[in-house]
């Protein structure tokens, strides 16, 4: 087993690792439900949402990769496997089958509200433990909040 | 509910749909285990594998998107949610935690062998039902087989 | 007169040539009605459709060029002149003057249904006569069917 | 019906509209005969002409789009459908079947002579009615005249 | 003080300068209200308008820069400061706070109608005084009129 | 009215909103006086300053957009209209007419000193209220301070 | 020795392997005679042919690489060494020394006729044995036939 | 001799041709003296001027090409040979040997003043004879005047 | 002497300046030993390390530049001269002559451990003194820690 | 006067300077006659030559710039003014008016023969005096000789 | 037969031509064995070598093209046909079938040793006969020697 | 220890190696003092010099890398560590702290004079020993001399 020397103390690593693993499950799931909606949406706003959802997926994938690599960097092993994501995600379930454009927006407004709340808690939890990780989480939270605004604005 | 008029007959759609949904579960899972290994691998060949795994992930994501959109196109609703992927994937389980470079190669050689066998069966099953879908599956299979060769070649 | 030696037998060339010339008339007309709608559409979804129609036009032009060059390649002379297109197209007439966004979507859903049906018949007809041409037609049909899904999805 | 408020008076709009619709028919047809020759030309200068004709087509498509959008902008509805182009074009008929390189050059030298004469008349007619449209037509005329020179120069 | 030798006579410079300074106030303000709406719009068409408004802002900024540099070129000193823009703009006031998508379109249709009318007057006024400036203003007017059409078309 | 659910408490939102609106007025004004100087500067260093001022304008526009979108994101409505900027900006007045290169540098050295002081205060004020906003403001402040150094260095 | 597990049965692999190795010899040789003519051609059409021959070389190299990697993928070892190519190629010998433009075209028209005939046979032979390989060969054949048309068209 | 059919009458062609040939001599010479100064300048502003002079040269070369091709287009034969340029240019002589930065600016301010005066006369002369040529000359004049401003501004 | 007005108080500037100058010596030296190893490494992993070391060098150069410009920005004068770097660097000495791939990895794992420890101390020291500098150092530390993980992972 | 300290002795500078100034006159003139032919050529090969001549012009301009800057670098002042070029060029006179494609090729074959002979003499002359200049001249000579081959090859 | 007038005397041409033809055989063969190994290599370093071999192939193809075109330029006819390459190459035979990564490196270290020795002899032989050709050969030799170092370094 | 087989004899390698190691120390130091001045310069020409110094640094880094890799290629081990550079550089010491623009130019004019003199000696020394290395050094010397001219020209 490779011994990655953590720049963090054992306690700091535990706190930080929990925040990062939680974020990872949320973000991988966000990328999967984003694609699910990208494929199954229909309605007058189909084309606009179809494109917007791919931007959401791209951002979520990038953020998940950043978060997971930060976890390895501090000496932990991230888990982004389908089963883990399915059980650990904080996102609400998205129903299968076709989805109207209104339903898609409503689902993501709801999902983002939860993710952002959890991300803000993670920002708080890591402030003391690891300012480098906190800075990464702040950046991702800011991006998620911007997408949240846009989704709400589309609800009219 | 949007009525997507399928260019296929009911029977052809059923056969084709099953092939596409099976491929989707395999390919989404391939993208997830690819990232899992991208993060957790270590060993003398770390850097080369770390880069190669991102190419595997990119190709799997692209193929999954193609397959899912083909399913909608023929009037079905693809399912690429974490829970569905976890239960329907044909890939072997990948263990959590750190992974040696040899273990990663061995895992993927094993995983590709299975995916390719299932993809070849899907190519056969769709030949009659829908030549357009079959052509898509042939292209993806060729790409997977090429990656399979490279992984085997790396085993030395 | 240049003697282009056809890689096909006389019979195969005749069957294949008819499929290609039919596809050419449909595809050139699709590019012209696409532009007609691009200019004359109005309504709440104006901007989204205006952009989407240019993608339809670009794809139709590219496909028409591929189909016509395939015809020359097998020793025939494609005809994509305005008069020929006007008389040989299988597309429904599009009315002149301004067009509402709903009318545009309805027109193209109808037009694509017909084009795809004819393209699928051409795929069948060329299977024996020329697998190279068939492969070209399969690729174009897949693309048209994807656009057809998106137009239907926008109908809500 | 969308009421596009014209920046022009009724009389100016009529004069300008006629010039733009005439230009549109000529330019769409130029793009179609350009492709027709691109596919059917043969002879020692095949390759050079094949490439040059695609430049002619690209320029004609761009100019047609500019002219049609200018028509909508002043409150009119442009018509670029195959039937309208076939009946309203000022271009000479191009024969079907294969075309020698010399015939292609001779045809386009002839065709450009006519288009340019009509474009220059349109430049004069719109001078008073709408300087913005006139400026657009001057730019297109300059481009057409440059291509006309090159075609003549190739006749040797 | 730098003596920029004007290529224009004193009278021509005065007439031209007035046209350019008027255009500058309108165009800088257009870029500011464009951003204001870009930030504050909401409604079903949020995303499409949000993107379209940035195109409006980009075009207005580019045109303002062109107009201001033309003013310096003929020996005058353009004024694009916030206070000057606020007092000299011909645009209607845009209300503060959130804006529905319909309100945004209605506002800009109204604003463009006025700007275009003033730009056309400036085109007339500079015809004699300076054909170079007139040509610049004609180009900008054509672009504004095209955007005006699109906004009207979106009103349905 | 769209209800953008703020990720902040009412108190935090008020503090953060004031900081963002203040920054917005400063930054929009900075982009306007930057252009004003870009057009009116003269002197031996004209060309270098003319180019540098466009970089200042680009950075200010980007920062203003970031700040305004952050305001919407936390549930407020940013105001970047000409009149608001003219009255709320903290920048010193820039005189109209031509500006020597030395005057331009002196003006911006003075202006940056003030903006930076206010930005640092805003960084302090938002530390508790919203770390995401604070991180955004820190990034912008760092960029402004770098430009401030360069302007001072040019004073010799 | 690395054991590349073939996705094909022993019989299918033998048939497919023979088709691929034959194609490899033809395509590598095509790239070599293409360069030979690129260097030694002269005549009125020198420049056009000099450029066209590089396109032929690029396409042949790409196709050779695809074919060889497909061979490894199915568990065989491709042979593209100079001696093997010299003995196994199906192309006619090209004479050494300078070549007139007419001779070059005549040579390649002849060479392409043979290559295409052999490629079409390979397409037939692999239909049953391996649809993935067949699809690859169909794509290459279509490209070769298009180049064949152009060379014939240049003969006038 | 190739007979380029002029779109202009004999009288209009004579007037327009004289304007274009005069502009050509000025513009080719401007590109040559621009390079002469680019190589021989020295002084505190060396680097800025060295770069600016290359922009002047690029613009002059582009304008010369446009003007010469316009001449061929209307059926005349442009003359840009060194001897013709040396005798027909309207630019003042530039001294040989090293040039101080101040001398370079002074020379070009003087040279541009003359070129612009002649270009404005050519704009007037071609107004009636050929609006297409006039439009080309107006564009070039606007660009030259902008460069003239910048050179004057650098004189401080 | 140019008086760069520091946005920091005298005390804050001293603390921050020490952190930045220390980081500068470390980072410039990291870029130099990175190149030293890039040139002198050998062994089975030569190529992979050779490429990786250039990425390390690029990142170190970029970070050094950022850190040095931040120092000037707060009114100090950074020192990155060879002698200063040689005496002030915290990196262990790297031996001259050829280096095995294992030695290179071992050296950099050791070197990064030290740099990161010092960077984390600098992050702590600047928290109060200057949040802008701290944010810069946090970003660089995160990047260094990521490279540290990769080097450790390669040790197997 | 700027004292450029020459890296060469007085004698070496004189020999080298003469070679460079001679090359400059030839190369500037080559760029001018290249454009002259680019504009005035006609005949069956018009298009190919028109494009080829622009490549000749681009290469000649680049080489002239290199040669002139090398002259300044060794402490001399290059002269590339129209009058100097007209009197000092070694190129044969090119006749005014239209030029057939055959005449153009014949002229340039003749012109290149002379330029190359003079360039080879300059390569010899500078061998001792300045190896840096000689290396520059060798590179330019190689490029000129390659173009000379192509022109001869086109003569058939 | 085209008479390419050689810039070299008969004797110099003979010496130079022999050097160039020898280099051509070596370099074309290097590109072929490079691809042969690219396809057939396996082992732990497969991926790194697979990529590196394509760089070797690209460089060899580029050098072969340069060398062959230099031969035509001096009035000779290069021969790069498969048979000629097979008989004239100085490279050792590479065995058919799969190749271990160690074998590949050993083969190329051996092959490069020979090529470089022959290239250095060619550099000597052409010094007097043609400095332009010598300069080309020096550049290629430098590149080959750099690749030779890297291959040796990988042997560990 | 890796045995890099040198293409040079022992004597030639010693001479060449000394020249390369000397050049390496000079060039690495040039890149370090270039950055030192890039950060610490101030004065009216700050911006121009700040940019120019980065070009000097980029060129010096590139040249250092070329020189060092050439050393390894001939079987030696280059040394570019801070301590070695500090002791072996031929450049004059640059003072710490802020630097006026005039001081910077004066310093680099002085520094370049020395580097160029040493580089010219190295060109002479390697002529016999290794023409490949000499060619590399000639290219770098030419580039340095060009920069030297520009720095002198800026002194006015």
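Residue numbering begins at 1 within each chain, and the chains themselves are lettered A, B, C, D, E, F, G, H, I, J, K and L in the order written.
Keep in mind that, in the parts below, a residue touches a chain if its C-beta (ideal position, glycine included) is under 8 Å from a C-beta of that chain, and two chains touch if they have at least 3 such contacts.
Bear in mind the structure is a predicted one, so any value in this text is a computation, not a measurement.
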item: Higher-contact pair (C-beta pairs counted), G-J versus A-I; value: A-I
item: Geometric centre distance via CA averages, chain F-chain B, whole Å; value: 49
item: Rounded Å distance between chain E and chain K, as computed from the means of their C-alpha atoms; value: 63
item: Distance from the mean Cα position of chain L to that of chain J, given in whole angstrom; value: 32
item: Averaged-CA centre spacing for the pair chain D and chain A, given as whole angstrom; value: 53
item: Chain E: positions in contact with at least two other chains; value: 2, 42-44, 48, 69, 72, 135, 152-153, 155-156
item: Complete list of chain pairs which touch one another; value: A-B, A-C, A-E, A-F, A-I, B-C, B-G, B-I, B-K, C-D, C-E, C-G, D-E, D-G, D-H, D-J, E-F, E-H, F-H, F-I, F-L, G-J, G-K, H-J, H-L, I-K, I-L, J-K, J-L, K-L
item: Chain G to chain D touching residues, read off their complex; value: 44-45, 48, 52, 150, 152-156
item: Interface residues, chain C side, partner chain D - complex; value: 1-2, 28-29, 32-33, 35-36, 39-40, 42-43, 64-65, 68-69, 71-72, 77-86, 89, 94, 96-98
item: Chain G partner contacts - residues on chain C that touch it in the complex; value: 2-5, 7, 69-70, 72-74, 131-132, 135-136
item: Residue ranges of chain E in contact with chain A within the complex; value: 41-44, 46-48, 50, 100-101
item: Touch list for chain F against partner chain I, complex; value: 113, 116-117, 120, 123, 135, 138-139, 141-142, 145-146, 148-149, 152-153, 155-156
